[in-house]
């Protein structure tokens, strides 16, 4: 229960087309932490996220998730622990109905249909989407889709929740609902986003990535009020810290 | 062209539906054991892509009329024959439901006409051999054109056969052919150009993507030509046997329109070509056992005769009864709707 | 413009299929089987049959009424016909050499067979539309799977359905962007279409990549598993059996002729 560590040790990654996306990333995230990952476009944020559930494997260096070192053999096991929520819910909801989507994970974990149904119920309850079970994803609004996408990951009861731009397409109200919901989660949370106000609200720690390496790692309120640092990384102060 | 339920007889419809189902089952089985996990979502989304792409209308240069993509060839080229066929069949199925284009029974014919010929004949027997290992745009264009044209010609010819064998229309064989084949020649040319255009575009912009997609094809993608030919031979025997039985017991089939047309004086202008063409067909049909022309007297005896010898008496009764039934049916519908509306309001 | 209309129509049919009415609640398997039998019965009528086809309208009418389906919308869909049936049948009056005398009028029997085709067309298309409007597409697919369709093909249908609307919207956006920049030129050129289709294809492949990674991240190992457990109820069986019996009756006994003869007899 206390070993939900995510540790990157000098991780390098090169894409097949030759791009050196990660050039020695190192950090350590412990149980229950909420960490934001920020940086310019192309800095390597998404690449880092895709390593966390073994979709990508490091060219050099090692990754430890929980008690396991990430290898091709431990990938499936890692995916039980790490729930990855993608940027576009349309990519994440690929089954005909909400019920099918949220049950997809539990069923793949080998659970019985009854146990899976129970998980679905709890997950949908957490995201306030009970009653949507028989709807197809394209009948949902953007905010509802995001919520269901999160539910589909929660249903696997991961220890670590990783999210890529979770509020990107949400209207302000849905975004606020998302932020409030995230604050109630006890999982370890790792959130990559340009929405610095969201990071400020949800994550107490922040890691800045530039050109595939970590250039800053500390408390969100410190890092996100450092104008120079932010501007060096194509960012600016969170709106809530800017003076009008 | 899409076949329609209204033009089909149960025998023809059921035969091709069975054929299409068999093809789907065969392709599914072949894929299941060899398919890459990655291909499953790819096939699904490509199906949606073809569906959407078919709705893009463009002008055909030279004719001014509009055309759209068919997609059979592109799918076979990209995914291989088995997966390509399944994707195309899925697109046609969804169209049959959401557009109700033609009907559900006709779906069997459509999957056969638009799927089997491009994927299992034109692609392995024409496109692949013609293209070989080349990647030149010119060769792609030629291979696409020829396979698309032949595939569509076969499909169009199938439609003609299916319509004629069902016996619901009176279009003579030759006239029908003269109408269908040239149109589909143009459609085939367009399809060939668009197919080559898309493949070339993708090859230019993201060649690695094309490679990636084509690599996900099952390793067993080489179809044994022998197997195809055997399958078609068997199928033609079966359909020939079934349909000849059918044709001999139900005169409202091919030979009925043939009989009508050969006795024709009115079609004087085309008389020479038609009887010439028909004579050829009659000669080939002599290969089928029990394929005879029924005389008029025999047809009056068979219960399901297409020529019911309408007598004024029964037809008037029929009309009166029909109007009554129609009135009753619509009254029933309207009252039920009204009752349900009241129920939901209360 | 036509694209928008198609999209709207499909969307509307799709929405209708999720309603809750007695018809919607029937088991999809029962509906599929009875619809197929209905269609087979209708097309099995000989070339010149008209009167005996009329009672068959009872089925679509009843299902539309009990299914709370919008009549106007469906009629419009039926009228915007696939031209093939009409175009081919249209030649019947021309080529059919038999003629009929009716009181003082003489005309080609081809008109009768053409009318028969039109009736059959209306009936079969209505049956298909009613089926899809009262049964959600996923429900239909699962019914087909239970009836024996290969599960790989059923998965394919379900994936297609899921991304249908997504892809249509994406395509609409591109087509609109093109239309907005083609002042004057009415229609798209074929080479432009090839490029648009090509770029759509690329985006689709990239999307498939993302979907696959989402599937992997939720433990996908090759089999798409399902939770569905539809049970047949006695209402479904009752519906199916009674419908099939009535279809059989209508097929082999021409109700209008019986009625009409009765009336004639009564009047004389």
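Observations on the structure shown:
By written order: A, B and C. Residues from 1 in each chain.
Rule of thumb we're sticking to: a residue touches a chain if its C-beta (ideal position, glycine included) is under 8 Å from a C-beta of that chain, and two chains touch if they have at least 3 such contacts.
Just so it is clear, the model here is predicted, and its values are computed rather than measured.
Look at the CA centroids: the one farthest from the centroid of chain B belongs to A.
Which two chains touch most often is answered by the contact tally, and the pair is B-C. Of all chains displayed, C has the C-alpha centre closest to the centre of the whole protein C-alpha set.
Our note on geometry: chain B versus chain C, Cα centroid distance of 17 Å, whole angstroms. Chain A and chain C have Cα centroids lying 43 Å from one another. Annotation: 48 Å between the Cα-based centres of chain A and chain B. For chain C, the set of residues touching two or more other chains reads 14, 137, 158-159, 161-164, 166, 207, 211, 215, 220-221.
Counting partners per residue, chain A has 94 as the residues that reach two or more other chains.
Touching of two or more other chains is recorded for residues 41, 44 of chain B. Touching chain C in their complex are the following residues of chain A: 50, 53, 55, 76, 79-80, 82-84, 86, 88, 90-97, 99-100, 103-105, 107-109, 113, 116-117, 134-139, 152-153, 156. On the chain C side of its complex with chain A, the touching residues are 14-15, 18, 136-138, 141, 158-159, 161-166, 207, 210-211, 213-221, 225-227, 229. Within the complex, the chain B residues that touch chain C are 1-10, 13-14, 21, 24-25, 28-29, 31-32, 35, 37-38, 40-49, 51-53, 55-61, 66-67, 69, 86-87, 89-91, 93-94, 96-105, 163, 167-172, 175-176, 190, 193-194, 197-198, 201-202, 205-206, 209, 212-213, 252, 257, 260-261, 263-264, 266, 304-308, 310, 312, 314-326, 329-330, 332-334, 336-337, 340.
Residue ranges on chain C touching chain B, taken from their complex, read 2-3, 6-7, 9-10, 13-14, 35-36, 39-40, 42-44, 46-52, 54-55, 57-58, 61-62, 64-66, 68, 71, 77-78, 82, 84-85, 88-89, 91-92, 94-98, 100-103, 109-110, 112-113, 116-118, 120-121, 124-125, 127-129, 131-132, 137, 140, 149-153, 155-164, 166-168, 170-171, 175, 186-202, 204-205, 207-208, 211-212, 215, 220-222, 224, 254-261, 263-264.
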